[in-house]
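Going by the order they are written in, the chains are A, B, C, D and E; count residues from 1 in each one.
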Amino acid sequence: MMQNLPIPFLVLSFLTILSALYVVTSKNPVHSVLALIFTFFTISAHYVLLNAQFLAIVNLIVYAGAIMVLFLFVLMLLNLSKETEPVKSNWWGISAAITAGCLLLIITAAFQVSGEAVAKNPVEGIGLVKALGKVLFTRFVVPFELTGILFLASMVGAVLLGKREKGNDALISKEELNG
Amino acid sequence: MLTLMIFLPLLGFVLNGTLGKFLPKAISGWLGTAAVFGSFVIALMSFMDLTGDTTMPERIYTKLFTFLHVGNFHVDFAFQFDRLSAVMTLIITGIGTLIHMYSIAYMHEDDGFYKFFAYLNLFIFNMLVLVLGSNYLMLFFGWEGVGLCSYLLIGFWYKNVDFGKAARKAFIMNRIGDLGLLMGLFLIYDTYGTFEYQDVFKLVFAGSAESNAVNTAIALLLFIGAMGKSAQIPLYTWLPDAMAGPTPVSALIHAATMVTAGIYLVIRSEAIYALSPIAREVVMWIGLATSIMAALIGLKQNDIKKVLAYSTVSQLGLMFIALGCGAYTAALFHVITHAFFKALLFLGSGSVIHGMHHEQDIRQMGGLRKKMPITYLTFLIGTLAITGFPFLSGFFSKDEILMSAFAHNPLVFGLALVSAGITGFYMFRMFFVTFHGTYRNTHHGYDKVHESPLLMTLPLLVLAVLSVIGGAVNLPQYLGESISGGLHHLLSYDGGGQFSPILMYPEHAIELSHTAEIGLLVMAVSVFVIAFLYTRNKYVTQGAVPESDEAQAGMGKVLANKFYVDEAYDTAFVSPIEAAGDVVGNYVDDKGVKGFVDGFGSGSNFISRLLSKIQNGNIEYYLVYMVIGVALLLAFNLF
Amino acid sequence: MIALFVTFFSAVALLFLGLNKKESNYSVFAAISLFASAGLSWACSANLMSFGILESWVPANMMLFGKEQHLFSALLAFIVGLIILMFRKNEIIGNDQLGLMMFSLCGAYMMVSYQHLVMLFLGIEVLSIPLFVLAGASKNNLASNEAALKYFLMGAFSTGIFLLGTAFIYGGTGSLELEMMGIKPSFMHAMEGMPLPVLINAGIVLMSVGLLFKVAAAPFHFWAPDVYEGSPNRTTLYMATIVKIAAFVAFYRFLNTFAGIADAWKGWISVLGGLTILWGNIAALNQTSVKRTLAFSSIAHAGYLVMFLLMADGTNTWILWFYGLAYALASVLVFSIANQLSVSTGKKDFSAFNGLAKRSPIVGVALVVGVLSMAGIPVSAGFNAKFYLFSFAWQHMPWLVGIGLLGSAISVGYYFKFFKHAFMQESEERMPMVDRGWLLLLASLILLLGAMPWAVLNGIF
Amino acid sequence: MSILNIFSQVEISHYIYLSTVLFCIGLFGVLFRRNAIILLMCIELMLNAVNLLFTAFSSYMGDSDGQIFVFFIMVVAAAEAAVGLAILVLVYRNTRSTDVSFLDQLKG
Amino acid sequence: MEVIIIPILASIAVMALGKKNQIWMSALLSMLPLIFIAQFFNHVGVDGGWKTLFDQPWISDNIRFTTGFDGLTGILLLLTNILVPVIILGGIRNDENRVKITALTLFMQGALNGVFMAQDGLMFYIFWELALIPIYFITLTMSGENAFKITLRFFIYTFVGSLAMLASLIYLFLHTANYSFAFEALRAVELSHTESIFVGGGILLAFLVKIPVLPFHSWQADTYTNTPAAGTMLLSGIMLKMGLYGLLRWFLPLAPESIEFYQPWVIGLSVAGVLYGALIAIRQKDMKRLVAFSSLSHVGLIAAGIFTLTLEGLEGSVIQLFVHGINVVGLFLVIELIERSTGTRMLGELGGLAKNNRLFMIFFMLIALGTVAVPFTNGFPGELLLLKSLYAYRPNLSLLAGLTIIFCAVYVFRMVQFSMFGEGKGEVASLKWNEILAFGIITFFILGLGFMPQILIDIVHNSIVQIGQWVSEARGVMS
């Protein structure tokens, strides 16, 4: 089964999974961020494979370009770039892995058993900006407008939370929390 | 008239009960007396009508209202005045009047004077309902009612805790009997479909396909009721304790009237008993046992009223022997005479107690005959009557019982004779110790002892006369055919063609030869003589004083302690029930049932705490729970 | 749609007004505009008014504006208005927070009227994102911070699961439109008796998990007690009522599309419903904090409402509406009393209620009405709501109704703690109570809905 | 206009597997890590897995709705990240930590 | 309708007037419904079946607010509206809670009237629950260590029972032709045997808890003991009768198919309860507790009588439920007055109270006699009929239950003895006019019904015969 697959797909998939794993396991947050950005790149590549060129670009711009930069920025701001995270006990990792693995197994096994197919009807060009834009501003104009509320709300919210009030120093020190 | 007769005492009760507090004692007392006397007069008139006028129906029947009517269950609130009721009514109201009168003086100093008369009137009312009711349920009304009045009057001096205990004991023992009676009533209704005497007996007589087993069961259940009310083994222990009440009460309720209700019940139900030899046999043997046992206990009692109480129990036993032998007339005869002389004795003892300033122990008395001549004389007559001095009332009635017993079974006769003999011993013992010998009381001087006032001695005299001549109501045949058997004829009246005889199965005249009769008489008299001589020798000539209970030994101790029956009942019934109450209340109910229910609550709380532990505040755990939930859901759905 | 418009623009207006006068309290303005939204929506539902221009702008496959949608919008706006009104004095609330709450309400409107999963997704997010902020709005309060972080992390996580489910559904049915989604599986199920495709099945499960998370049904409820406890009272109340009602309407509409394959989801959803009822009620028994108790109580109520999901035949939405109204009224009543007391006494446990009945009998009576309504004891709105719910659910899942009754019985155990403290305990502290008139009004509203529900329902539906 | 004619060479199920695997990796990360920022990143990873799946379905079925949906997911993710990071900063300011397991004051 | 509304309005009025209200005013208000009840007796009468008086859609078009009247309802209405004035006159202590308790009592009067008049299943349930609420708040005014636990147990216990009944009613409701809760509609539902056992069981549970019959009684004693007197009187005097009324009115007609199944159980448990309660009562020192267990004993007999399904049993139970209400309220009133004067109700600490207050003594004695069921007091006819019906069912059970007439005498007279007799250890304050009136009403019924129980039977006969017919139709034959 595997050998029939085209090489680019396999390589991309392999890279995606590998970098995703690195995101999860890396002890250094900055490395995680970088690995995540790399993952986004590979996913964008998948989009290209899937004829979704618009999404490929947007993915890079929004995710890799904006969101991940925000993450990095926060990491730097909070000075978390070092390996500050305490090492978790092994059993916790194992149990987390087992839990996630079970879920994975269940889903994949279910698909294996049923082996179902999705109606294949590839149409040329739906992933282009032109086509998508047309849909977005006709059928999806309402949700598109409503995202305005979302952004307004998140903006106001972020400002609300970020606003420094007087005397707003640490309520509780880390030592206290530890103790 | 009948209604008036019954409700006059109730009126007295209501008046005394509501207004008595505001009335002077004299008015209150005479009011009560008048109410009963009124009833007596009406009863006498009605009795005359009933027996004298042949055009009168064989019973006067009055229905007041329907008491209960549920489906085919129907009970009328109705009264009937027939010959048996008439006799009972006359005793009740007649002796009742005397005792009321006596009480005016006896209770003169008591705070609850009006209350006392109210209770007495209420008692008379209930007693009349008992004997005049036209059906078994009315009888039950009166039956319970007199029990209640007995309770109220025994516990009349409520400040004394022991008296209260005695009162409750009386009521509860009566109730045990009542339960049996009630079951008997249900069985009667179940079998015959009615409570009306007439209808029941008609059906019984017609032998409406009911087996004698059912009748036996009815008879035995009714007898349980009679046991309670008439103080038979095993339900007799309340009667001696009932002496806690004022003495007129003992005279009226616990000697003359209420305790004979059991006899009345059996005579009334003669139709049923007639069909059940087994039940009669039971009645007879229980009567016999009670009679002997009570008499034996009476030998060693030192409380003047206790002696009389055991004597009453013993005499009641004799009556039941008669009933068991089928000699209903004899039993009723003894009821009448016993009412006379026992009331006399009780009132006499009351007079003694009154004169002795509430001293009841005969060992504290002695030599009273000089100070209290009238009491002495009347008491002597009473004693002679009860012990069977020839040609006094008790002699005739007791002999009739003994003869019927002999006709039934010589062994029974022998034992009954023993019982009658013991009567002589304890009665004369008491009599001599009380009135003869020397004065022994240390608290009150001999000079303080006084004769009772006229109001008290007058009833004594009347009763003394009655005790002497009371035998006249049913003289034996050997004294002459024409004057004999008055009561017998009364009860055997065949209803003048209508169906309502008192006794369904006319009693056979006792077929004894004159020799046998004379022989029996001689035996009875000689027993009396022996008793008289022995006690006179011991207590008058030798001047012996009964020793205290502690000094008793052997059989005497057993007798002084009343065969330890009270203790045995305590151990066998009272304590276990109380213990069961404690166990059920404290353990089964509190820990068990409630604990079980509360278990749900504490179980929920336990789970609640468990759930709180799961909710440990750490988001990582929450996420894991959530993913596990998702995984389980997926697994459950996809496979 | 009109409600969304009015709410959104008054929220924006509030934000602008806030620029001028910083310290002012705009609660009354917000409440009035929300009541106006509610009124307008109700007018639309009763065909007294029409805003066809606005609604014709929306493509038909995106949002639906039927009578029910209007009524639910009116209900949501009314409740939020009530919340804002009742809390206007106790905590100083900035106009930004009011604005956020109203933005969030816009998300709720979307959820009740979506016809396309995009709208549902956006609705959930518009509803949630302001709430993440509002949960952490008292910034100096560590509990509030913790609540915000927990809510945010778990909310985002559940969004991920929800989206995976959406993707599966998309793949399985080939559509994201509500009306189209159900056709294929129903057809397959009815005509060929084929097993349900894994994509659809798993999709339903995963999407349901996302929604069950929002309504705080077991075992996806773990966030709820913590977040409810940590958040400011107003936000807690908002979460307990609006989020729940909106999510249930959305859930109901979602499951309604799959009514043809109800066998596939009825079973496990009812099991979760039963679990939620028991979990919520039992866990509440042992709580000391008032808010936490009410949080578990709201979990239990979510469990009862799961019954409603099972009768997904599209005709009984009025039950949910009535239940939502009854539950919200009682919650607002009890929460606002609890809030006032905890503010004035500084206590968070039940001892804050000590001696309430004696100090202020009117508030005592109001508390009684509110709590009895929550417990579902007649004559109260809560009883009627539960009665309608249980009697209709019986035909679908009798044993779940049995568990519901059992849960009601257990719930008495903690609801009556209020009475224990309000009536049996004495207190030295003075407790000034404000808004007694409003509280009494709410209580009478609950009683009115309890005493003559049919008249009210007939007037509205 | 595809670089490869991938639709004929790769079954859709492979994309499903790939996305699921990615999703589960993200999920594993959420469960495994304690740093809130990493958690957030793992969630982004999960969202991206979903995006990939949507896109794949959309492309295979020739239906543009899926891609629009992905677009909206991205929009939402951005908003969410903004608010999330704001919360995180707030928490960090108060506790000097981004470790989620320290925040367990609310419990019971 | 009026008899429901008036007390509730009166309750609000009393609450609003606050401390100013006089005992007489509230008593008069509570007597107002009697006028209407008299009208019902006059104009509606007790000859026909259950006549509808008022009918309006309520919870839905077919779930209606429907009130009706017949003999059975009439008896219960009489009981309620006689006892509530008595309670208000004598049973409410003049302390800070008086206004509250008076208002709650009046409210409860309205709710109880609703229970007894409801012709609609859901209305019945609603008022059933509604009647529970005032009593709950009355119990909440008690103090003590376990107070909350006790009230909670009481409430949850009865609530669970009620919910079971609700479930059963809903089940029947869903099987009616047009989704109606109307009594006739519910009755018309045909149930299979198994169904009827479950449905009947649910309905039965609510009533058995309320009555209470043996294993469901553990809320009773503690609640009685700790509740303020008014609450105890309401509970024992009227609330228990709700359960018995429910058995007659709702259980028997609605689930007659299941009676066969439950009959031996209920009778067995009831008779066991008769002895159980009596045994415990014998050893109690707290007078209230004693009466509580005696109540368990008495109502057990009533329940057993109902389940014999004989006319004697059914009508006897109606008499007895009326009479027990009167008597037990009287007893609790006595206990309350003793406690008010002496500060205790422990038998060991009392004694000799008869000395200074004869009137009180007379009232106490009469009530005690009524309780002991001495002839010519009201307790007797009912007990007679019940034992008789039980005898028709099983003679040996009748004998066992009949032991109660012995035990009852034991514990009642023990109570009288240790409180009233013996050496004086305290005094009862002389009775005020309101208390005398309260006692007067009670003694009037004690004596009146002792002579004329047939009055009650005439009132209730037609209703009972109708219920009997329904049962016998379903069971084939009725004895």
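FYI, contacts are C-beta pairs under 8 Å (C-beta built on N, C-alpha and C of every residue); 3 or more make two chains touch, one makes a residue touch a chain.
None of these values were measured; they are calculated from a predicted model.
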Chains contacting each of chain A and chain B, listed by label: C, D
Touching both chain C and chain E (chains): B
Innermost chain, where centres are averages of C-alpha coordinates: E
Furthest chain, CA centroid comparison against chain B: A
Which of B-D and C-D has more C-beta pairs touching across its chains: C-D
Inter-centroid spacing, chain E versus chain B (mean Cα positions, whole Å): 37
For chain B paired with chain C, centre-to-centre distance based on mean C-alpha positions, whole Å: 78
Centroid spacing, where centroids are CA-atom means, of chain A and chain E in whole angstrom: 69
Rounded Å distance, chain A centre to chain C centre (Cα mean): 30
Overlap residues in chain D, where contacts from two or more other chains coincide: 12, 16, 26-27, 30-31, 34, 40, 57-58, 61, 63, 65, 68, 72, 76, 79-80, 83, 86-88, 90, 94-95, 100, 103, 105-108
Residues of chain C engaged with two or more neighbouring chains: 118, 122, 125, 129, 132-133, 136, 139-140, 142, 145, 148-150, 153, 157, 171, 174, 198, 202, 225-226, 287, 413
Junction residues of chain E, two or more chains touched: 152, 156
Those chain pairs that satisfy the touch definition: A-B, A-C, A-D, B-C, B-D, B-E, C-D, C-E
Chain D contact footprint on chain A (complex, rising order): 4-6, 8-9, 13, 16-17, 20-21, 23-24, 29, 32-33, 36, 39-40, 43, 46-52, 54-55, 58-59, 62-63, 66-67, 70-71, 74-75, 77-78, 80, 84-86, 88, 92-93, 96-97, 99-101, 103-104, 107-108, 111, 115-127, 131-132, 135-136, 140, 143, 147, 150-151, 153-155, 157-158, 161-162, 168, 170-174, 177-178
Complex contacts: residues of chain C adjacent to chain A: 8, 12, 15, 57-59, 61-63, 94, 96-97, 99-100, 103-104, 106-107, 110, 116, 118-119, 122, 125-126, 129-130, 132-133, 136-137, 139-142, 145, 148, 171-172, 174, 195, 197-199, 202
Chain D to chain A touching residues, read off their complex: 1-4, 6-7, 9-14, 16-18, 20-22, 24-29, 31-35, 37-38, 40-42, 44-45, 48, 51-52, 55-65, 67-68, 70-72, 74-83, 85-90, 92-99, 102
Footprint of chain B on chain A - complex, ascending: 92, 95-96, 99-100, 102-103, 106-107, 110, 113
In the complex, chain D residues that touch chain C: 12, 16, 19, 23, 26-27, 30, 36, 39-40, 43, 46-47, 49-50, 53-54, 57-58, 61, 63, 65-66, 68-69, 72-73, 76, 79-80, 83-84, 86-88, 90-91, 94-95, 100, 103, 105-108
